[in-house]
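Across the two complexes that follow, subunit A remains constant while its partner is subunit B and subsequently subunit C.
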Partner chain A sequence: MKNFLSGAMRAPRHLATCAVAALAITGSATGLAAQDREAVTIGYAISKSGPNAGGADMTVTPNYELWIEEVNAAGGLKMPDGTRLPIEAIAYDDRSSTEDVVRAIERLATQDKVDLILPPWGTGFNLAIAPLMAKFGYPHLAGAAVTDKASDFVERWESSFWFMGGSHDYVSAFTEILVAEREAGRINDKISMVSVADGFGIDLVKAARPSFEEAGFDIVYDKTFPPETSDFATIVSEASNSEADTFVAFTYPPHSFGLTKQAKVASFNPEIFYLGVGAGFPVYPNIAGGSVEGVMSLGGIDPNNELNSAYRAKHEEIIGRAPDYWGSVLIYASLQMLEQAIERVGLDKEAITAEISTGTFATVLGEETRLENNQLRAINWVGQWQDGAFVAVSPEGSEGLAAVQLPKPNWD
Partner chain B sequence: MKTSIAFALAFTALALLAVAPLILPEYWTGVLLGMTGYVTLATAWALFSGPTRYVSLATVAFFGVGAYTVAVLNEVLPYPLVLLCAAGIGMIMALVVGLSTLRLAGVYFVIFTFGLAELVRQTVSWWEVNVTYTMGRYVFLPFEGHHIYWQLLALAAITFLIAWAIGRSRIGLALKALGDDETVAAHAGIDVTRIKLFLFVVSSTIITLVGAIQAPRWTYIEPSIVFNPTVSFMTLIMALLGGAMRLWGPLVGAVPLFLLFEWLSGRFPDHFSIILGALFILIVFVMPNGVLAKIDDLRKGRQS
Partner chain C sequence: MLEHLINGLVLGGTYALVAMGLSLQYGIARIMNLSFGDTIIAACFATYILFSSFGINPIVALAIILPASYIVSLGVYRLMMEPLVKRAPDEGALEVDSILLTFGLLFVIQGCLLVIFGGGYISYSFMNTPVSVLGTLVSGNRLLALVLSLAIGAALVIVLYRTRWGMILRAVALAPKSAPLFGIDTDKAARMAFAIGGTMAATGGVVVSMFQTFTATTGVVFTMKALIVVILGGKGSVPGAIVAGLLLGLVETFVAAYIDPGLTLASVYTVFLLLLLVRPNGLFGKA
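Showing the complex of A and B:
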C-alpha cells in the first residue's frame, strides 16, 4: 500500500522534474556538464545572527573562509585530471532557526544546485539537516556536533560523517585522569559538578554521573543552572564548601568566563578546575587575567605538531585571530579530507562519500588521518593550560599528549 | 451568491496549492510550507487578538508545546493520536491560562503573555533536566517536506473556515460589539469573559497544532529551538501588517513578509533584525489598522 502510494506520487513528479530541469538548464549555468564547468559551487548555511552566531563565528565560519581562500589562492580545487577549478561560495544566514536552516539546505540543493554543501554549527542544526543531506546524496561532514549516537546516525544517514566525538568519550578520558590523580594521592574522592541546562551541558553531565560513580568518586555537589545565569557567586561558594578537590563545570563560554572570574574573586582554587566550552578559546587567558595555568577543558592541541602550528599561524594571518583549541582544527581537517577526496575521485558526490569513508588523508591532525565507521576518533579529549598554551593531556603523557600537571597552581 | 463564488475561488486556490509540490522543485515546497505555517499562525492569532485587541506574545509558548508533544510522544503513539494529544494539551493550557488572565487588560496582558512563553520554556527545561535527564529529543517520522506542507495546508483551510464561521455567527456579532467597547458590550448582556476565553482556546489550539505538525521537519528538538521568541514577533507583525480585524488580513500580511524575509536572508543575511525592527515602526505609524484598511481608506478618500 505504502509503495503503491509513493509510486503514485512519484509518477507525476518525474514529469514535473523533467520540466523543471529543462527550465533550470536554460536558465542557469550550473546545469552544464562537468568538462565545461568553470568553478565548483560550495554552499553553506550558518548562524550569522541569533544566539548561535557566537559559536559559529568562533569555530566554523572562519575555517570555511580560510579554506576557501587558501584553495582559491592555489588556483582552485584540484581535479583527478590535474586541472584546477576555483570555489564559488554561497553562504546563507539561518538566523539560528532550525526551520531556516532546513529551508536553506533545500535551497542550496534544489535551487542553487551546488556541488557540495558544508554543514552548519551545532548538534541540533546538524541533525536537522542530516535527513536532507542524505536524501540529496551530499556528503555531510558534521563538524561542530557532539553526539553519543554517531554510530546510530552513520547507519541511518549513510553519507554522514561525525568529527567531534560524543560525551562519553570526553568524560571517560577525563575520568582516567581523575583516577590516576587519586591513586597518586593528589586529590580526594569528592567531586563538585555544575552544568548548564542546555543540550551540551546536560548531555555531558548525563555521561559524567555514572562514569565518576563507577570510578568510585562521590559527587557531593551536583547543580544545573539555566543558560541565562550570569551570577556565579552562590555556585562557587557552595562548591568551595563541599570539600571536593575536583570542580567540574559543563558550561558554555559566558558561564566558563563567569565562573573563572568568580573563582578568582572568591579565591576558590580546587586541585582540579575543569570547564566546558570557552576555556579553550585563545581569548580565555585575557579574560582570566593571565593566570590560567592548570585550568582544564575539552580539546587541546599538541604544541610539537608542526602541521597544527602552521595551521594556527595561517588562521591568524588570514582571519586576523587565532582559532580555538578544540573544534576549529577538527573542522579544518574535515575540509582537507574533502579537498583530497575530490582530488582523487572528482565531483561525484557518491564517490566522494565513499572515499572519505575509506580513504587515508594528510591533514593538520596528522599525515595519516582516517575515519572509523565514518567517525573521526583521533580527537584530543582533555586539554590543560600549560605555559600559555592549551595542550592535549593524558595521565602519563604519550605521543602527542603531554602529561597532566596537577594540582592546579594558585590563581594570581 | 457572492459567498458561493468566494467559496469556489478559495477552493480552487486551495486545490492549486495542494498540487503545487508535485510540480515545483523542493525548495519552493519548503517556502510554501514555511509560508503556510505563518499564514495559519497569523490567522489563528488574529482570531483572538483582532476583535478583542489583546496583543498576545504567547504564540511561541503554544507553538513550542505542540512541537514538544510530538517530540515526546512520537515513538509511543501513532501519529494521528500524537496530534490529538498535542491539540488537547494546547487546549487545556489555553483554558488554564485564559481563565486566570483574561481579566487583565492592555499592556498587562502583553507583558503576561511574553512572560508566559518564557515560563513554559523554563518549565520544560527544568522538567527535562531534573526529571527525565534528557535535553534534546529526536523526532524520526518518515515525513518529507510536502507531507508536512499538506497537513499545514489542511489546517490553514480549517482555520479560515472557523474564522469565517465565527464572523457570521452570533459570537461574531458579539465580538463586533466587544471590539468597539467592552463595557458597553457587557452592559448589553454579552458574556465578555466567556467569549474571550472561547476565542483564546480556539486560537491557541490551532497554534499548538502548527508547532506539532512542523516538528518532524527538524529531527532534533530542544527548548531553545522550539521556544524561539522570533516566532511570536513574526506572527504579530504579519497579522498587524495585513490587518488583524479582517478574515484575509493576516494572509495579506504573512505572504509578502515571508517572501521578503526569505529573499533578504539570501541577499542581506546580516541585516535581518534591523529590517524587522524598521517594519514594526513603519506599520505602527503608517497603517496601524493594516494594509487592507489602508487601501480602503485611500479608495474612500479618492471617491469623496
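Showing the complex of A and C:
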C-alpha cells in the first residue's frame, strides 16, 4: 500500500488520484478473495514501434503470443488445485522509449493491477524496469537482456532473473574457438573487428578487446561506427586489407545484413566471419542471397534436440514464421518456467519468485532446467551456419554442441 | 584512393536520388514534407511484397510503383495540401502548416505499415552482384542507384531549363506571387511538382530496398538525410541536390577510410554547418 501511495502521489490530478485510490481499495479487498477469479491477467510493454521494434518483433513478442495462445488453447494456466484459468493479456507499446516502458510498467502494476508482468525487449529496457518490478514484487524474467552484472543485479533486485548471459560469456566462448583454430594452424593471430556504437556493440567490444589480447591476438583493425550506418564498402575494404584471418563484427541486424551483402560483393572471405545480432535470424540466408555456410554469430541450437525442433515447428505453425536461433528459445523457456511455477505454487508473486529461483523445470532447453543464482547458464554461446541450420558449436564438439567447421568456405 | 572515390560516389548517388524529390516538393510546391522518408519506406515495402510474394523483379516493379505513387501523391496534395495552400497568407505560414500536417502524415503512414507488416526487419537480395568500376568492386544495386540518380537528375535539369513547362515550374519556384500575373496556374504547377517529388521518393525506395535493411519506422532516417542534402544543395535546386548528395557520400567514405568510421555522422554535420556559415542558402540556392 505504501508503494501504491508513493506511485499515486505523482499522479497529476487529485481527483484522478482519489478515484484510483478508491478503485484500488475495492480492488485489493476483492483481490484477497480471488479464489473464484475467472482469468489471470498478464501484462507487458514491448517495442512495437521505433528502432527496437525489429528486435522485439523477432525474439520476444512472437513468443509471448505463442505461449499465451498455447496456454489458452489448453484451457488456461493450471493452478495448484488442478483448475485452469485463461490468460487475459494486456500489451502496451513502449515506442522504443525507456520513459514509456517505465510508465507502462507502473500502469500495469498500479492501474491495471495485473497478476504478472512479462519483461520488455533489450538490456537497457530491462534494467530500466528492474527497480519497479522489484518494488511491486513481480518476478522479473529478464529474457532479452545481455549483461555481465547479472550476479550483482540478483542481489539488488531479488525477484529478477537473467536468461541471456553476459558479454564475457559470449566472448570467452568465441575466444576459445579462436585459440583452438590458431593452434591448429588454420588462422593467423590477427583480428579485424568492428562494432556499432550502441548498447550491444559497446558491451561486447569492451569484453572482446581484453579477451582477444589476453589470448595473444593482435587486433589490427578496431573501429566503431554509428548505428545509422548503412554503407559498409569502406569498412569491408579496410578489414580485407588488414591481413587478419578473423573478422568480428558486433552489430545489430541492419549492419549484419549490410556487412554480409558487402562482403559478398567484395569477395571478402576471411577464415572466420563472425557477426552480431541478425546472423542467427532464419531469414539471414535469404537476405544474404545464397549460401551462408560457415558464418558465425551468437547463440545457435542443437538440431538433434527434439524438444527444440518441436518448439520451432510450433512457432512456425502459430506465428507463421520461424523463431531466431538465439534468444527466442530462451524467452520461451522462461515462460515455461513461469507456467510450471504457477502450477506448483499458484499466483502469489513471492511464491512464484521463490519457485523459479530454486525449482527444476521441464522446458524446451531440457527436461531439467534450473537456474544458478537466478541466472540461466545453459546457454549456447557460439553458433555457426552448417548445412542450412544455425547450430551451436564448440572447438571440438560435445554433448549438444557440434564441432566448429573452419575455415569458412567461399560465399556461394 | 580511387577505390574510396568510387565508393563515395556510389554512396552519394543514393543520397542524391533520395533527396531530389524532396527538393522539388520543397522548392516548387513549398511543402516541407516530413513524411518524405515514410513515402520511401512505403515504396520499399511495396517492392518487397511484389518481389517476395509475386516474384516481380524490382526493376519491373518500378513500372507499377511509379505511376501508383504519382497518383497517390497527387491525391495527397489535393486532399490535404491544397486546403493549406489556399488559406495560407504567406509562404512562411504554408511552410509551418505543411510541416505540422506532414508530421502527422508521417505517423499515419508509419502506423499503417506497422499494422500491415509489423515492426520486423525487412531485407532481400537482388542485384547484389559485384560490378567492377575501374578496378573497384561495387554492388550492382548501389551502382544502379547512382546511375538512376544521375539519369533522373539530368532529365530533370533538361526539362527544367530547356522546356516551357520547366520554365513555368521555375517561375513558380522563384516568384510564386508574380507567376499568376503571367497566366501561370501556380496550383497546377505546385501539384505536379509535389506529385513528381513523391514519384521520385518511390523511385528511391524501390532502389534502396535492394541493398538496405528497413523497418516500418526507419523513414525518419531518410527524411533527415534528404533534408540535409536539400538544404546543403539549395532548396529547389536539382543540380544542388546531386552535388550535395555526392559530396556527402564522398565525405563519409573518406572520413571512414582515413579517419574513423565512427566520425562519419559528425563529419556530415560539420560539412553541413561550415557550408551554411559560408553559403546560408546552400550550394546552388538563391538568396
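Definition applied: the second predicted complex is superposed on the first by the 380 of 412 C-alpha atoms of A that agree within 3 Å, B and C clash if a C-alpha of one lies under 4 Å from a C-alpha of the other, contacts with A are read in each partner's own complex, and residues count from 1 in each chain.
Just so it is clear, a contact is a pair of C-beta atoms (placed from the backbone, for glycine too) under 8 Å apart; a residue touches a chain by one contact, two chains touch by 3 or more.
All values reported here derive from a predicted model rather than from experimental measurement.
With both structures placed on the common chain, the touch criterion links A:P226 to subunit B and to subunit C.
Of the two partner chains placed around the shared chain by superposition, subunit B is the only one that A:Q111 touches, whereas subunit C remains out of contact. By the touch criterion defined above, A:S172 reaches neither subunit B nor subunit C. Residue contacts after overlaying the shared chain place A:N72 against neither subunit B nor subunit C.
When the shared chain is aligned, subunit C comes close enough to touch A:E238, but subunit B does not. In the superposition on chain A, A:Q405 makes contact with neither subunit B nor subunit C. Shared-chain residue A:N305: touches no atom of subunit B or subunit C. With both structures placed on the common chain, the touch criterion links A:Q262 to subunit C but leaves subunit B unconnected. Contact with neither subunit B nor subunit C is seen for A:N188 once the two complexes are overlaid on the shared chain.
Common to the subunit B and subunit C contact sets on subunit A are residues 48-51, 197, 224, 226. Chain contact summary for the complex, subunit C toward subunit A: residues 3-4, 7, 10-11, 14, 110, 114, 118-121, 123-126, 128-130, 137-139, 142, 211-213, 215-217, 221, 252-253, 256-257, 260-262, 264-265. Taken together, the subunit A residues at the contact with subunit B in this complex read 9, 12-13, 16-17, 19-20, 24, 48-51, 91-93, 95-100, 102-104, 106-107, 109-111, 123-124, 127-128, 130-131, 135, 156, 197-199, 201-203, 206, 224, 226-227.
Those residues of subunit B that touch subunit A in the shared complex are 22-31, 34, 37, 122, 125-126, 128-130, 133-136, 138, 140, 144-145, 214, 217-222, 224-225, 228, 230, 262, 265-266, 269-270, 272-273.
Against subunit C, the residues of subunit A that register as touching in their complex are 47-51, 53-54, 56-58, 194, 197, 223-226, 228-231, 233-235, 237-238, 253-254, 257-258, 261-262, 264-267, 278, 281, 283, 286-290.
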